[in-house]
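Two complexes come next, and they have one chain in common, subunit A, joined by subunit B in the first and subunit C in the second.
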Partner chain A sequence: MTKKKHLLVFILPFGLLFAAFYVAPIGYAIKQSLYKVTRTGTFGPAHEVFGGLEQYQRVFENGPFWESVGRVLLFGLVQVPVMLGLALLLALLLDSGLVKGRRFFRLAFFVPYAVPGVVAAIMWGFLYSPNLSPFTAVTKNWDLLSADLVLWAMANVVTWVYVGYNMLIIYSALLAIPQEVYEAAKIDGAGPLRTAWSIKIPLVMPAIVLTTVFSIIGTLQLLAEPQVFRTFSSAVSSTYTPNLTVYSTSSIPNFNLAAAFSVVLALATFALSFTFLKFTQRGADK
Partner chain B sequence: MKKILSVLLTSTLALTACSSGGDDDTTATTGAASCAPSSGGPVTLNFTSWIPNIEDVVKVWNDSHPNIQVKVQTGPNGNGGTYQNFFNQLKAGNAPDLGQIEYDALPSFRVQDGLENLAACKPVSDAKDQFIDWTWNQVSFGEQNAVYGVPQDAGPMALFYRKDLFEKAGIAIPTTWEEYTAAAEKVKAAGGYITNFSQSDINQFAGLAWQAGGHWFANDGSKWSVNFQDEATTKVATYWQDLITKKLVSTVPPWTTEWDNAYNKGNAWTWVSAVWGANSISSGAPDTSGKWAVAPMPQWTAGGKTAGNWGGSSTAVFKGSKHPYEASEFAIWLNTSQEALTLLNEKANLYPATKSGATLPALSKGVAFYGDQKIYDVFAEASGQVAPDFTWGPTMTSTYATASDGFKAAVSGNGTLIDALKKAQTTTVDNLKSQSIPVAE
Partner chain C sequence: MKSKTAAMAIMGLSTLYFLVPIWWLFVGATKSRGDFSSTAPLWFADFNLGQNLHELVSYRDGVFLRWMLNSILYTGGAALLGTVLAAMCGYALAKYRFRGRELIFNIVLGGVLVPATALALPLFLIFSQLNATNTFWSVFLPSLVNPFGVYLARIYATASVPEELLEAARLDGSGEVRTFFKISTKLMFPALVTIFLFHFVAVWNNFLLPLIMLGNERLFPVTLGLYSWNTQVNQLPELRMLVLTGALVSILPLVAAFLLLQRFWRSGLGSGAVK
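Now for the complex of A and B:
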């Protein structure tokens, strides 16, 4: 009984905040998504009435929204492996002892994460803009803000920001590997590459899985980068990513439809992350 | 005793407010019922605006009106985020008392039931005759007993051009759109672009269509009708599509550093813009001071006298304001008094929406950035040539977003401006339907 009470005391601060800033807004969004607006006459006041799944029907009929979902999935399929591959490589390098000034590099790789996402996007936007970029040799030959390349130009920004963050998670997992394992490997005659491949990577797999899940969630929620790039590039529309669609819809303002978009997006994110976890767990059981 | 009295008074006020809010079947009467001065005590009003240096103007009011203090909050321009904030604040029930709303966004706010009808507020009804007719039409929606904002400024359009470059290249200043194309070819040959086509700010295109006689929306009282494909709009779209296809205009995204740069470096030679554009050029292209001049907008028929309008704002009072009377007093001062109008012009190049505004001493002076030309004379003339009956739709934010998606695609070679307008048409109709706003198909 007292143990339960203690538990409650520890959970309470988190629980309260979680309920107020997470559960309640989600509940409100779900409620909003089930309502619709009716009015009489051209300027008649709006009444919110229960509309059942009407908004959801609109969501599923909305072509640009599903296009944007496809776009971020493509983005994630390419960007997440590249980013995590880089993060893993950097973490292994830092851990290998090949690098001098380990502390410096650990911080240096992490610094972009300290730059707010919007600021990073604006900075890269300037670097990409043909008339402003200091790298004219590149921007003259490739229009990085054109319809073909802008998605990957954004992928570069996201990678730049988050590589260091993911590296740090993987690196701290590497530090947790007990020294005896390395000694055993050494005795068996394993070189640094062999150790990395057969010992380090399998042992930090849980960290990699974790960062992948974070990245999947982050990808589906892309907002700041496309929002900023809209002003730089003619290729970024107001429905470029799912979250941008939500944002534009709520500025109509059509809060009910925006809520329905959000709920569908949240469910999709949940399903995708969960599938990935299930998939990797089954792999681990084998 | 005094306290009890004021409590009684406010509670009756609240009651009347409740009852007038209750019978919402008849839109004409809502809000017009209660607009009396607040009793006792100083009043504090919140005001959100994105006019450059608006704080300095409001300070003048605050210094002379200790009982009605106005707190200013500034933000990005309307479609850049402030409107979204307003909508969210209205939904949450904590909107400011006053806000800057452009004419094109007034219907969107009215349809969301976000605006106080100021027709019963004496300061407003008394000032009616002071405003230019078409601006009053925008805030009253052409109805009797309806005033949903106080006109602030107008955006009559004209042609800003680089006098020095035109002279040097020996090109005549175009007076018709046909001449404008011809000039564009010569400018291109001289290594520049005649202008930058605004790919994502649809308001400029709206102004161009307005000049040509386009009508995008109509409201017959029971239904909206939407038409982005009337003859005039199609003519304007075809014209600009031609310039884009021939690469005679640049298509740098507007309102960016890159765009400022294009004007500052002399890559773009003209800009068909509104009077407040004078400020955009002088702040965005400071190196070109003294090299610009202003001429009337090119015409569709030689010798014609028509102008478009781009932008222009009103000061609106939001639903739920506890002090509509004081708010309207401030709004009227801000937009009709000589001291405020002079300051607004000095600080932000605003062109007043009042009839007497044109005779403000500040507006009859030469402007140094424009080679001491008396540029406001040109805009005063344009102001009288703006067609008074252009109607905005109730979901302009999303209409602009869709149209600008299409315009952006068109400048990158996917589709045309005509396609973009077609798309804007269907999306706008869909949006109206999804909000149960009656619309004719």
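Now for the complex of A and C:
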């Protein structure tokens, strides 16, 4: 009995908040997504009635929404490997013994992570503007805020913010590799490149998997950057990313449809991250 | 020798990539509005930072200072309290055997994979049923929950708190909760700082929740405040310098926190990512 009591003290505070602000909203969103608003006559009072899967049918018929899903998937397919590749390269270099001033570089690369996404997007929005940018050689020849390039302009903002953070996770994993492993490699005559490829990268794979999952979740949630870029570029519509669609649908307001968008998005994110985790685990078992 | 030069070249270029935008922001914030668009963007003109700061904090009755204070309350408060709660839960999941332990852990782990933005809209609907939107609590309370912190705390507690020590404390007659706060938290301290920083950054960056919840400008966190100014720049051009100066000021607390806590930050991260 006494054993139970301290368990409650430990678990209940978090558990209650988790139930109230994580589980309940998910349940509520699912419930809302199954309802619809109807009116008796054109001007009659609105009331909610059970609509079954009607909202979901609308979600699946909604062209702009699926376009936005395709857009963030394309974004993720390019941006996540570039960002994590850069993070891995920088972490390996920091760990290689070829670099002097490691402390300085580690900090310098990490500073952008202290910049909130909104502020980073505002900053880069100015930096991309042809009449304010210090990079006139670039902005004169390419309009980074045009419909063709604005997606990649945003990819650069996200990369800029998160490379250092991902690098630090991978670098920490590299530091945790015991020295004996390297000595064995040295005896076998492995050079630094060979050591990096055959020993370091496989050993930090769990860290890379973790950062990939977080990046996938982050990509599908893309919101602050496109929301800010709407003030800089007319190419970013109110349905540019799935989350912008949720936001603009809820400000119509059509909460039932917005809830259905939220549920589909959460499920898709969950499924993608989960599949990736399972996929990499199976690869590791072989 | 050749590979050393190449390595340093890559590091140098990367440093430029990461730091030039911040340098630009700093230089920009020291200029007057006229100089900002007419002088070289990466070097100083007349030093006008004091004037800009003065305008920033006095604009609309000092609403910017209010935003900074809000951000610190939302973020610092939620991260501090949230870390304690996550640590307690994760610690219990690591150190006690009881029925439903794995189930609870798996549910929490599922929570890690649920995108926070998917929760913002239903949270708004729930809070509006209670007539509690547009309040401090509507942003603060949901920000307390950090499932990833529970996950990390469980890993760290398993790794850093030995069973024998807990047994010894029990023999000395120390209660479980007391043991946690007096002994275990000390052993887990670097890990707790890591959880705190993760949580701090997550709340600091959360944009959709305050965007959906808050209508009253006086309750905005600084990110939402700067965003709202930035959307008005086209109508009110004088806001541009305030946005820039405000952006610079808004990143200082986090940079300071990182510099002060980076020792813990790194050591804690390592043990979390490897497992």
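We take it that the second predicted complex is superposed on the first by the 270 of 286 C-alpha atoms of A that agree within 3 Å, B and C clash if a C-alpha of one lies under 4 Å from a C-alpha of the other, contacts with A are read in each partner's own complex, and residues count from 1 in each chain.
Keep in mind that, in the parts below, a residue touches a chain if its C-beta (ideal position, glycine included) is under 8 Å from a C-beta of that chain, and two chains touch if they have at least 3 such contacts.
Just so it is clear, the model here is predicted, and its values are computed rather than measured.
In the superposition on chain A, A:Y182 contacts neither subunit B nor subunit C.
With both structures placed on the common chain, the touch criterion links A:Q227 to subunit C but leaves subunit B unconnected. When both complexes are overlaid on chain A, the residue A:A114 reaches subunit C alone and has no touch with subunit B. Of the two partner chains placed by superposition, subunit B and subunit C are both touched by A:N131. Contact with neither subunit B nor subunit C is seen for A:Y56 once the two complexes are overlaid on the shared chain. In the superposition on chain A, contact is made by A:L257 with subunit B only, not with subunit C. Considering which of subunit B and subunit C touches more of subunit A, the answer is C.
Using the contact criterion defined above for the overlaid structures, shared-chain residue A:A46 touches subunit B, although it does not reach subunit C. Note: residues 126, 131-132, 231, 250, 255 of subunit A belong to the subunit B contact set and to the subunit C contact set alike, using the contact criterion stated above. Residues of subunit A that touch subunit C in their complex: 3, 6-7, 9-11, 13-15, 17-18, 20-26, 28-29, 32, 86, 89-90, 93, 96, 98-101, 105, 107-119, 122-127, 131-134, 160, 163-164, 168-170, 172-173, 175-176, 192, 206-207, 210, 213, 217, 220-221, 223-224, 227-228, 231, 243, 246-247, 250, 255, 258-259, 262-263, 265-266, 269-270, 273-274. On the side of subunit A, the complex with subunit B involves touching residues 36-46, 58, 126, 129, 131-132, 146-147, 230-239, 248-255, 257.
Per the touch definition, subunit B reaches subunit A in the complex via residues 24-25, 27, 30, 83-84, 87-88, 91, 107, 110-113, 141, 199-200, 219, 221-224, 251-253, 255-258, 261-262, 394-395, 397-398, 401-402, 404-405, 408-409, 411-412, 414, 431, 434-438.
Those residues of subunit C that touch subunit A in the complex are listed here as 3-4, 7-8, 10-11, 14-15, 17-22, 24-25, 28, 36-37, 40-42, 85-86, 88-89, 91-93, 96, 98, 104, 107-108, 110-111, 113-119, 121-126, 141-142, 144-145, 147, 150, 175-177, 180, 201, 204-205, 207-208, 211-212, 223-224, 226-227, 230-231, 233-234, 243-244, 247, 250-251, 254-255, 257-259, 262, 265-267, 269-271, 273-275.
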